[in-house]
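Written out below as structure tokens is the structure these notes cover.
In order of appearance the chains are A, B, C, D and E, and numbering begins at 1 in each one.
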Amino acid sequence: MLTILFDGIAYGMLLFVLACGLAVTLGLMNFVNLAHGAFAMAGGYITAVLMNRMGVPFLATLPLAFIGPAILGLVLERTLYKRLYTRSHLDQVLFSIGLVFMAVAAIDYSFGSQQQLIQLPSWLQGRVDILGVQVGLYRSFIIVICGALVVALQLILTKTRFGSRLRAAVDDPRVARGLGINVSLIFATTFAFGSGLAGLGGALGAEILGLDPTFPLKFMIYFLIVVTVGGTTSITGPFLASLLLGIADVAGKYYVPSVGAFVIYTLMIVVLVLRPQGLFERAR
Amino acid sequence: MSDLLTLQKVSAGYGDAIVISNIDLHLRPGESLAVLGRNGTGKTTLLNTIIGVTRHRSGSIVLDGQNLTTARPDKRAHAGIGWVPQERNIFKSLTVEENLTAVARPGPWNVNRVYDMFPRLRERRSNMGNQLSGGEQQMLAVARALVLNPKLLLLDEPTEGLAPIIIEELLAALTRIIRGEGMSAIVVEQHAQKILGVTDSALILDRGTIVHASSSRALIDDPAALEQHLGVTAKKKPLRAASH
Amino acid sequence: QETVKIGLILPMTGPFASTGRQIEAAARLYMQQQGDTVAGKKIQLIVKDDTGVADVTKRLAQELIVNDKISVMAGFGLTPLALAPAPLATQAKVPAVVMAAATATITEASPFIVRTSFTLPQATVPMAEWAAQNGIKKVVTLVSDYGPGIDAEKAFTGAFTAKGGQVENLRVPLANPDFSPFLQKVADAKPDALFVFVPSGIGAQFMKQFVERGLDKSGVKLIGPGDVTDDDILNGMGDVALGAITTQHYSAAHDSPENKAFVEAFKKANPNMRPNFMAVGGYDGMHLIYEGLKKTNGQGGQALIDAMKGTSWTSPRGPVSIDPQTRDIIQNIYVRKVERVNGELYNVEFATIPNVKDPVKAAKAN
Amino acid sequence: MTIALETKGLVKRFGGLVATDNVSFKLEHGARHALIGPNGAGKTTFINLLTGVIKPTAGQIFLEGQEITGLRPELRVQRGLARTFQINQLFPAMTPLETIGLAVSERLGGGRDWWRVTGSKREIIDEIVEIAQRFRLTDVLDERTSNLAYGKQRLLEIAVAFACRPRVLLLDEPAAGVPEAERHELLATVAALPRDVSVLLIEHDMDLVFSFADRISVLVNGALFTEGTVEEVSTDPRVRAVYLGESVDE
Amino acid sequence: MSTNIADHVRSSLVRRGRWGIGEILFWLIAAATLYFLPERHLILNEIAIIGLFALSLDLILGYAGIVSLGHAAFFGLGAYTAGILARDGLADPLLGLGAAAIAAAILGFVTSFLVLRGSDLTKLMVTLGVALVLGEIANQASWLTGGADGLQGITMGPILGLFEFDIFGTTAYAYSLTVTFLLFIVARRIVVSPYGLSLRSIRDNPLKARAVGIPVNRRLVAVYTLAAAYAGVAGALLAQTTQFVSLDVLAFHRSADVMLVLVIGGVGYLYGGLIGAIVFKVLQDVISAWTPQYWQFWIGLILVIIVLAGRERLTERVRTLWKGVAGRTAKSPETLPKTSTREV
């Protein structure tokens, strides 16, 4: 019972790690970046390649899995994405799906279509017994990182002026500029940061979810579910939604395996029909 | 004394359309200017061009010695322009207070001071931007421009939607700011009578060009010009008589 | 010089792309080794990507038949992709060589279908028998919830209970990133062994989570058909895969001169890849086509399919033949265990069940 | 005279804020009634309640004697209750011609008609022309609404409400953004409506209010503060203190 | 003066309803391919079906502003309905088409109530969820649908008892093209009708639409149901012409592809779906024949370029070109003299 709860939390956290970058770009910047998964994949491949081909230790690859996609995000933002903020969501969908296709084929071309596997360091493998509950070490590791991320993100967005300037820039970029907000700088920073988060998520998620060129397409739905159910105006919303979905999914599959596949989708539909703006939309 | 703002032969518009053309304009520090004209004559476009959110075609814009012709809008704001857009454009997902703090720059006008000017805003400080009444939005738009502590205020129909008593206070405050603190202002207004009492000079736009420029006093005393360009007649008969 | 065209329809993109890649690479390797003329005719291979979608497979097959006038079609990475064009094969009398799809019924869909891969019951029933003989009493099966998975579940459950074993069934959705709730159920059930079938790509995740949950240490043996320890990715799984026991028709570590040559040539032509059971299906499929064409002098149609029936040869996987009745492949099934050989992980074969026919059709025939 | 529109004990709360505080209000048939009050007093909220854009916390609304409290907004329109919005609500991608045409054809029941081409009915065309001319929109009929100057958009906003042929018309600051010279004409058009159409006007321009209205209600902090004739209200010192200030004179 | 304006008003409104030369040409060329491109009929058939599917999405997305990532639900239901009927002996194609339309319309009607509220993102995800759940149901109900193996044993009777489906796909293409054309005519009529105008107004501003008395929800439910029926017909066409149905008909990529197709061709413009289907399918066919492994890269690149080059401008240009051609038949309304402000 408690083990299931723990697994659910860990799975939820994993969803969150992967989706929080999207919560930033889609949720806060209102940019439908379906290529989010491609940045996550980039992070995953950075970790896999560094570990498998160069023998870099797992932990040491994580910062690079953040920085690499962040720089990639920054470059793409400055050259391409920035032209699309003012465009319709449909344009954004088309564009970012195009990027995904390119990324999928490019990764396939350079690394092949097979799974990339990584070996965790031994101190992250296995599980320990805490008060009678079997706790997986790697899953605990993910929970800790996630917790830290949520707190940090929440502080940045609510306690600094950056957060309100970002939201102002999203609400009305034209007027925000006219009132002295450097919209492009804010967008570029945020986008790079979101991409970095995606990369980190990809690196952390690769162990459990696997990593192959179709990664961005395979998990796109999950990212979107988390962000939509959580609501798009905060970080805590998607965080709580991840937890809820993770626990519901794991518990559903454990207790009623025959309908396990329906749980997450049905939950999503029900939540969205009852609360169209998302479960945890800030009601201030 | 040198100009605070100089526009030389400025033309601008949206997309392929040129809306204002060949605008020349000089404004000294502490001077205020009323911009009048019928609907669609380019008043808003003129202000938008000064802040830089239209498509610039030709001419130059200089503020306080700084050439802003091709500068980005945020640079212009930093250079000392505060803008009240016609449609208010309150940031809807920010609270009243965040709307102010997000753009505030150091100077005599801080959040508290604008709250003193519009006590209604203090009461509603934690309302989201999209949960304000029309007049409250207008007050917030003016307050938001003030906390930028600009040298030049661009006000696009700032009195629209405000209660008479607030308009009275706002105009009085504007006069104080301009006279007392040396801020300059360009005010677009529909009510010629109301604004001409406040500003130093006035111009009238028609089809994107300046068709009249003079001191405010001179325009008030020139009912023929008002009638010709704005269609303002001296006194109207009550509407009630119009029915039946 | 006439040309004989072979239409090779495979999932080259999408989640099953690696199936397509293995088969294409093997087919090309075969042509490179054996030359591209057979019976004086030039062989032309036309590769099409069906993206893993059945109606596209069908359309591509139809176009190949109508426009390119192919003599034989081949490939078919998944069960529905093999079933969709089956009526076409019958209608146009074009033989179809199934190189991957593994649901038992496929060859019954058209008299023009012949298979060089395997059937899941074929690989599974020996597993059940081995388990029963090796002191395993209670098994939980865990399969992906789609055609082949259900095939495997049925075959295993039937054979194992027939031997007096006890079975509990679990199915996981095909698109399922996290196995933890299912593995927890397995842990609760405390079986002697866990029988697992998941499509090869997710095998690695499964293995890792199996070990992470400590199931290996609590004495649950991992058994199943060979998909979960697919040669393509086996080496990357690391130590977690060690000790898994599987039954299948092919291992890259199969000890025979034919296989050594095959593996070496394959790796040389495709660095970073190790041939797996898909590759050998493609390789043998080409061999079957070549042999058939030799017999018919380049003739397609009914003659070709007839010529293919009963063909036997020594494949990299061992001796194989095409059952003239069912057009399905008869082959040895090996029991293997994952071990480290020269620093790399391999499925090392330690027992052989010779000449296994597809049990489903064999049962029907009796 | 009979009552066109009535509210009984209408209340609307936004969280802790009482935006409409127990308002019982009557609009008489054919009235030219104005509703004034400080910014944020709850005037727009009141209109939103009347038209069903938001739901009241408590209280009832009657249109020509029939209760409409829970009725959907579009049904209220069909029963003759039309409004304009304080902040323009238009169809940015449509032309004024289409916008007016839409309102007219909806009123005439054409909206369910999916087989006839729009504009093939004489009566609709004539009415579009009439409204376009009345609101001086003929020169921009084929422009995209989003490209119109603010003032033209304002006129279109009112024209659309007109096209609904309302029995009760609610105008929320219709003259905002309209040049001084044209405001009177605009309201003259409104005033020239048949006498059986009742009008409730919200406006901060006292020139207009005083020349248009025959009755004025004052709303302060969500509650009705006072009501009376133009003379009564404009000379009421309490109204001057909270709303009018010194400079307004009759 | 006012009769002058009245003429202008009428011609402005009615113009949209007229068929231009460009449109007539489009369909003539489409019909001509029946004779001139015999070896391409299979892919043309697929294009016609996807075109119809995209047209159906356009009805809700382009005209009513309902975004959907789950349109495959209706397509798939239609496909399974037609497929199951044919498998169980009701082999008449038109019967299957009708049944598919009805089944999909019912599902559309029921689920339409889920998409009346919420932001675009919410709608995307709810529709997606509906399609995924339906896909899962189809997977589990393998006794009815054949599950993951696909629905087998479909044999179609001749159309109207006259035309047998042939292996060259000619009958299939002619059939799909005819059905698509007929449904196109209906859709075209709808979008220029007052009903269509009211849909566009809802898309632009539902608040205001209510304020002019439009029963917003009812209109949306109606168009969603109609679009569902269209999608169901498209699915049925696929099932009947390929005589096979598998779970892919309900898959996410099916919904996503049709969205891409529509957006490429242009939203809110009935030819958008058709043109998008042609462009997308032809590109995919050509590029994937050339590089079966990496064609996605080039498609991706093309999508990116289309967007950067200004998709809206591109389709706008196509549209004006269209109008330009059309304009020569339909007399364009003369420009009006500007009314002076004093005139009223």
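The rule is simple: contacts are C-beta pairs under 8 Å (C-beta built on N, C-alpha and C of every residue); 3 or more make two chains touch, one makes a residue touch a chain.
Being a predicted model, the structure only gives us computed values, none of them experimental.
K.L.:
Can you name the chain that lies farthest from chain A, using the mean of each chain's Cα atoms as its centre?
P.N.:
D
K.L.:
Comparing the two chain pairs, does D-E have more C-beta contacts than A-C, or is it the other way round?
P.N.:
Spelling it out, more C-beta pairs touch across D-E than across the other pair.
K.L.:
Could you pull out the chain whose C-alpha mean position is farthest off from that of chain E?
P.N.:
Between chain E and the rest, the longest centre separation is with B.
K.L.:
Any idea how many Å lie between the Cα centroids of chain A and chain B?
P.N.:
From the centre of chain A to the centre of chain B is 44 Å.
K.L.:
Would you kindly tell me how far, in whole Å, the mean C-alpha position of chain D lies from that of chain C?
P.N.:
73
K.L.:
Averaging over Cα atoms per chain, report the distance between chain C and chain E in Å.
P.N.:
Using C-alpha averages as centres, the distance is 39 Å.
K.L.:
What's the distance between the Cα centroids of chain A and chain E, rounded to whole Å?
P.N.:
Going by mean C-alpha positions, chain A sits 33 Å from chain E.
K.L.:
Please set out, as single numbers or ranges, the residues of chain D touching at least two other chains.
P.N.:
In chain D, the residues touching two or more other chains are 182.
K.L.:
Would you pick out the residues of chain B that each touch at least 2 other chains?
P.N.:
Only 38, 231 qualify.
K.L.:
Would you pick out the residues of chain C that each touch at least 2 other chains?
P.N.:
13, 17, 21, 145, 173
K.L.:
Name, in rising order, each residue of chain C that touches chain E in their complex.
P.N.:
Within the complex, chain C contacts chain E at residues 10, 12-13, 17, 20-21, 47-49, 52-55, 58-59, 62-63, 65-67, 79-80, 83-84, 86-88, 91-92, 103, 105, 109, 145-147, 150, 173-174.
K.L.:
In their complex, what parts of chain E are in touch with chain A?
P.N.:
Where chain E meets chain A, its residues are 67, 114, 117-122, 124-126, 128-130, 132-133, 136, 139, 252-253, 256, 259-260, 263-264, 267, 293-297, 299-304, 306-308, 311-312.
K.L.:
So in the complex, the part of chain D that touches chain E is made up of which residues?
P.N.:
It comes out as residues 51, 53, 72-75, 77-78, 82-83, 85, 89-95, 97-99, 101-103, 105-107, 110-120, 125-126, 128-129, 132-136, 138-139, 141-142, 160-161, 163-164, 182, 185.
K.L.:
For chain A, which residues are in contact with chain C within the complex?
P.N.:
Touch residues, chain A against chain C: 3-4, 7, 10-11, 14, 52, 104-105, 108, 112-117, 119, 125-127, 134, 136, 138, 207-210, 212-214, 218-219, 222, 249-254, 257-258, 260-261.
K.L.:
Residues of chain B touching chain A in their complex?
P.N.:
51-53, 72-74, 76-78, 82-83, 85, 89, 91-95, 98-99, 101-103, 105, 126, 128-129, 144-145, 148
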